[in-house]
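Next come the structures, one after another.
Common to both upcoming complexes is chain A, partnered first by chain B, then by chain C.
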Partner chain A sequence: MAKKGKKKVVKRVSSKASIRKKELEGPKEIAERIKKIAMEMVKEIEHGKNPRFKTKLRGRGNVVFDEDLGIITLGDKSATRTFLNIAHARKFLQTTLVMSKTYEYLTHNKTASIREVYYELKHTIGNTKENTFEDQRESDACIVDLEHSIDTIREKLNVHANPKGTLYGDITLVDRQHHNDTFNCLKLGRGGWSIMSRMEPHEIEIKKINAKYVLVIETSAMYERLVEEDFARKNKAILVGTGGQAARGTRRLIHRLHFEHKLPVYVFTDGDPYGWYIYSVIKQGSMALAAHSSLLACPTAKYIGMTLEDVEEYGLQNVTEKMKPTDIKRAKEMLAYEWFKNKPWQNELKKAMQLKIRIEQQALANKSLEFVAKEYLPKKIKNKEFLP
Partner chain B sequence: MKKKVKKTIVTGDVLAKEFKEHSVAEFFKKNRQMLGLYGKVRTLTTVVHEYVTNSLDACEEAGILPEIEIKLDELGPEYYQITIKDNGPGLTKDTVGKALGQLLAGTKFHRLMQMRGQQGIGASGCTMLSQMTTGKAIKVISGTGKGKAFACEISIDPKKNEPQIYNMRDLDRKFRGLMIQAKFKGVLYRESAMGPLEYLRRTAIANPHAKIIFRSPKGEKIIFNRTTTYIPKPPKPMKPHPAGVTVDDVITMAHHTKAQKVSSFLKNDFERIGDTAIAQIQKLVSFDLNKDPRKLTWSEAEQIVNAFKKIKFIAPSADGLRPIGEARIRKSLESIVQPEYVYTLTRPPKVYAGGYPFQVEIGIAYGGKAGITTENNQAKEDENQGVKVEIMRFANRAPLLFDAGNCAITKAVHSIDWKRYGIRDLENVPLTIFVNFISVHVPYTGAGKQAIADEDEIMEELRLALMMCARKTARYISAKRAEIEKKMKRDMFYKYIPEVAEALSKITKKDKNKLIKKLEWLVLNKLKLEKPEEKKVKRLKPKQKGE
Partner chain C sequence: MAKKGKKKVVKRVSSKASIRKKELEGPKEIAERIKKIAMEMVKEIEHGKNPRFKTKLRGRGNVVFDEDLGIITLGDKSATRTFLNIAHARKFLQTTLVMSKTYEYLTHNKTASIREVYYELKHTIGNTKENTFEDQRESDACIVDLEHSIDTIREKLNVHANPKGTLYGDITLVDRQHHNDTFNCLKLGRGGWSIMSRMEPHEIEIKKINAKYVLVIETSAMYERLVEEDFARKNKAILVGTGGQAARGTRRLIHRLHFEHKLPVYVFTDGDPYGWYIYSVIKQGSMALAAHSSLLACPTAKYIGMTLEDVEEYGLQNVTEKMKPTDIKRAKEMLAYEWFKNKPWQNELKKAMQLKIRIEQQALANKSLEFVAKEYLPKKIKNKEFLP
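Entry: the complex of A and B
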């Protein structure tokens, strides 16, 4: 996750329509795009030209905040890698290997973790002592290059990272890639459903939802508390536990719940810089994955808490904690982020820096265990007491 | 040269006195260090040196192309026998005793010319050493090519410093040359940089007209063939130059001169002294130069030397110097060192310390088998792994194997910024540096006579000559390096090509081999790299046209 940097506002680089199109792309379309790139290279080779691979530049300088769409995205700067360049040759080779491997996954209906991709492709080159990949970072980098080159997410390349996050609530899913298993996430016990890394429509279909909103919860402890209090049933809520920073699959699911089913998304985190940033990544996307915000972000999400106002309203002063110097530094950086430049957030951040306090979700237990489920959340949602 | 004269003669005088009181053997033992006979390995090398030098000098004087065979046998622990045979002029029954059985009897000691055998003990010294360590006489076979050859055994009477000849007998065959067999204890054979083999190797390099055959104690036969049939002319004896003499030299020379007056003594026995100089000297000394030189006193001689210092003389003539020559050094290095590249340089004569002419010859051998193999294999460039610089020092063609650290040649080599010449690290480079220092008087740093003193003019000249050679070598190295880089570049692309071709062919279903060929063509043509081998070129070209 990128953590710092100010974002400039530039002209929009993708339209809502094009995002919708991207959203629905399945393995066939993606495979075709890979093939197209490979064909270009072959053509160049056949015409005695230096084969090229073009990808988007991902440095800070190319990250922009699209105000219209409300997401962090990549600008249009690109980088070209050529084979006949002593500094690029190895990288070029690795890229073609990753292209060929993901093409094979997509056309043979296989999926793999990024670590598996690494092991599948690692081998000694010819009669040399050199390996195609020396460590996983090299293959990971090529996967990212390819994602950016064909403007999609790795999940659509049938490749994924480690999953994280749980789903609980009255929502019926169908696993299209696995016997068409159909299940309701309210009936899986208190553990809920483990969100997968690849949450693409052609893999996991959202069949039916009976809920009024989605509640995203930062800490596992709070998620468990709400399940135990039967919050989902009583409030017709879908609970999504992120367990810290939200994984790609979890973000993709939140995105889909909002865009496919028009559910409002409320984010519930600790009242500190780390919690705020988790919220901002869910809402606007991250700088590291700026190119994928259109498929991962949920610009209409709202922040439910914890806020400093909560501290005052519920008299939680004695259960706040002191901000560490790094927290204060982080808060200061966030003040400058384009997407925090609105009055309520500026006030919140400044206040926190002034009081030098932070407040955890669990602090609400100071009132009582049930307080958060019976009073705090329902009241806030009913009164629409959110931060934008 | 002058110092040389002085030393020898004075030593001779002292010796003569000492003989009366002590035995020669005792003197020998006392002076072993000075004679280069310390250290088990070094002693054996010195013995080999003495015999080989004698043979080379004898052949040179007689105008014969030398062929020298040296055999070492291990008779027991630290006990060796050396057998040396040459094709030189040989010794007669009359001369053999003096040449091999009397210390300091050689005529060479009194001459002023460029000589190989300035250090050491001479062949008689070896006889003495053999006798002292084993109690045995040396065996000799000699012949002049005319009449019958003869054989005998020789030892030295240590009290009288006289040869003792036993078993003198004629042989029933003709033979030209000299063969000596001697036994030594307390010596050791090693194939190190200071051992006899390395000594012979270097001797062969500096004497390309000699064929040297060596049979090691291990039973190996190593032959260093001659690379030229040109026999160097014997060096000319030279008169001392006034700028390079000491008071002692003047006294000694004055006492031996044939001249009747000091003035004519100075004119006849020194170089570059004429009437003008005599007139100048007369003004500077307090006595009459018409005096009998045999009656010259120490203080008068001192006045003369002081006068020499105040007068400007023409630099001494370099006629006495006998360089090996650029072409011959080149051939020799090519044959014996077997490098990829050689550059040689013989500089014009120069003068040091005001009066001693000297000349420097450099040979730089790079790549191939140049350099010394080391244990350390951690070189950065794989081409140079485990090889470091080899500095071959010579004084008048005689290898200097010991005391390298104190030598002007070593110092000059290390004072040069080799990085400027494309040599990043002398410890990791296939480089052999040959330096022959030629002078009628080599300024050795110590009694061991294995290191040349770092006189300013000598250092300057050595550095200049080395840098001139280094510049030439640098050109070769950079061209070679560019070649290697090109090859590495090409190899790297070639290595990746099959992988790229396979990946792309898997996606596009295009023929993999066609892609490989086209990519190879691209690499060679776009990057201007040479093809790895002829055949591939031919196969590729037509296709290229067909496109």
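Entry: the complex of A and C
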């Protein structure tokens, strides 16, 4: 086992071909896999055996960094739950309820939020005072188990958490599950399109893109600034506003823009541990969702800013903020992560810890409102001034 | 002065005609008003007098409930700040900086987030070590002062906070400040349109609406449910998802849908103090933004649910949640608010406090996913089963 803060590094956990296959799986394939697990349980029961449910072991002990693919992923440890085990029985029952419900969603073309799943399944078991679920955390855990068991993401189970994120630029989408609505995200005023919780190919088709790259932006205000400056039109860019940490649907969209359309992805965040973390989750995935990186991450993404070099180059010393002790602690942790172990990032993190300052995207307004759109970003992109 | 939790009730603070005028004010009128205040300062200085800045007194001591208009508003107490006063000088300087900057935005057709205002204006005053602003709270406070001084909202100063909220339905908008983009919010797939921070008439024109009412929805997941069920099409409804407490842009949109297009507004929240508060802010406005209710509130809005009667009628006892002590405390406070002082609300609040339960919108999924769209809402709307 690796030391705290470090993850085991391995070569190639999944093949690119198997990832590509996972990527395109639709409701039919996923429903089949749920059915298969259920049928195995039935068989076990019919043979007087103890029915089992197998899922991947999660948590740091099974998280690895796949160096070849450049993503955080899960190793091959698994966990098995059996019905005839007093410690497992309740959770086993709950898992089968979630299996049955998501199977129903998939075969009836319905989708639901994870909270709805909880409420739909909560009931008192006949002639007892026992409820199927007492708390949403219980059903959420079963959803996670099922995702890992059938090796897919919850969005492909037609289940989702809250959406967040906005899309702007010359990209035409088709909602194949909803009147085949077809719309161009450059023509929705400055508001832009609200990115959905589920951005699966069989739901949302990316019909046409006219762009040279994707610019992912941490803050809503910077996203609005770039829309107002007409940055997308003038630079042929697709703008994705994450509004803080990117939601799953937003990460899935960024992933698809890169893998389906070969667009480079540049990530623009505040120059601080929270911003760096947002970047690293978009690029390599996260430890919490390690099993899903192959569908959510974008390993070739580049970091465009803010950097401490910007502070010097543009004389922004006066508009930096002090790092809090928690920021410094976080930066120190990041220094040890495998995916920040390259010279440019080690320098950046060490410099931040030494100067104890952070710099926000919007600090660029100190130059002028237009500066970020007219000088800062175009110059960085032209000269390929990125952190890896 | 009224007792804690109660607000003074007054008849008619502003006339409807003056509100209507405020409503339509564009950048030109607002810029003129800023200029007028600045010119008065200049005159005072030229006459060797102490320049003054007058704004409205805020806080509970000057908050009143205008019973005729049905909105929370400010009374007529004001506060004056002078430059030649050591306690006021710094803030006076800051206020003039904000005046000058927003004047520039308005006359150059630029907009900015409140964080950008801070960063744009922050600098060290020549030959001193004194910064104009040390913290965004300082510039935010000046923006609020200016709003109250010239009697408008920050959005009309071309300044805004973060956007939140989503729009779906047969409504055609034109972004008059951005390529005259024209789009119908029924045709953007299930994502819907991301509501902007500023929804002023000179920026976003509501060109056409084909709907019978506006349904405002607290949770993103319920909003998504209703979109998936095609509720907007089937019921000719405009759906506004607030994602929790409604942002200012969202409140402004709801207000405009009602006042410009005479659409009834129904608000659908969780049946708990947080949900009731979301409703009351949409309907009467809030104490914190009392001066702006006439542009943000929608006094004829109705509350469609969730109610405790729903729990009984639909047998949802099993999917209620326990109220926390803080919920009960909050409900008790609300009981004393002038705008909840009507029989139906008094009954509802008392019942909740007695049963100590809350009921979420998504608990309706316990009946079936479609139940809310097929039965619950249509029945309530048909029978006008609302709380006032």
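Points to keep in mind about this one:
FYI, the second predicted complex is superposed on the first by the 382 of 388 C-alpha atoms of A that agree within 3 Å, B and C clash if a C-alpha of one lies under 4 Å from a C-alpha of the other, contacts with A are read in each partner's own complex, and residues count from 1 in each chain.
Assume contacts are C-beta pairs under 8 Å (C-beta built on N, C-alpha and C of every residue); 3 or more make two chains touch, one makes a residue touch a chain.
Worth saying up front: this structure is predicted, and the values here are computed from it rather than measured.
In the superposition on chain A, A:Gln346 contacts neither chain B nor chain C. In the superposition on chain A, contact is made by A:Arg225 with chain C only, not with chain B.
In the superposed model, A:Leu369 lies in contact with chain C only, and not with chain B. Chain A has more of its residues touched by C than by the other of chain B and chain C. Contacts of A:Ser194 after superposition: chain C is touched, whereas chain B is not reached.
Once the two complexes are overlaid on the shared chain, A:Gln177 sits against chain C while remaining clear of chain B.
Of the two partner chains placed by the overlay, only chain C lies in contact with A:Asn318; chain B stays clear of it. If you check the complex, the residues on chain A that touch chain B are 34-35, 38-39, 41-42, 45-46, 48-51, 83-84, 86, 89-90, 92-93, 96-97, 99-100, 103-104, 125-126, 128, 130, 132. Against chain A, in their complex, chain C makes its touches with residues 110-113, 115-116, 119-120, 122-124, 131, 162-163, 166, 173-175, 177-179, 181-183, 187-197, 204, 219-221, 224-225, 227-228, 230, 243, 318-319, 360, 362-366, 368-369. Partner chain A is touched in their complex by these residues of chain B: 489, 492-493, 495-496, 498-500, 502-504, 506-508, 510, 515, 518-519, 521-523, 525-527, 547.
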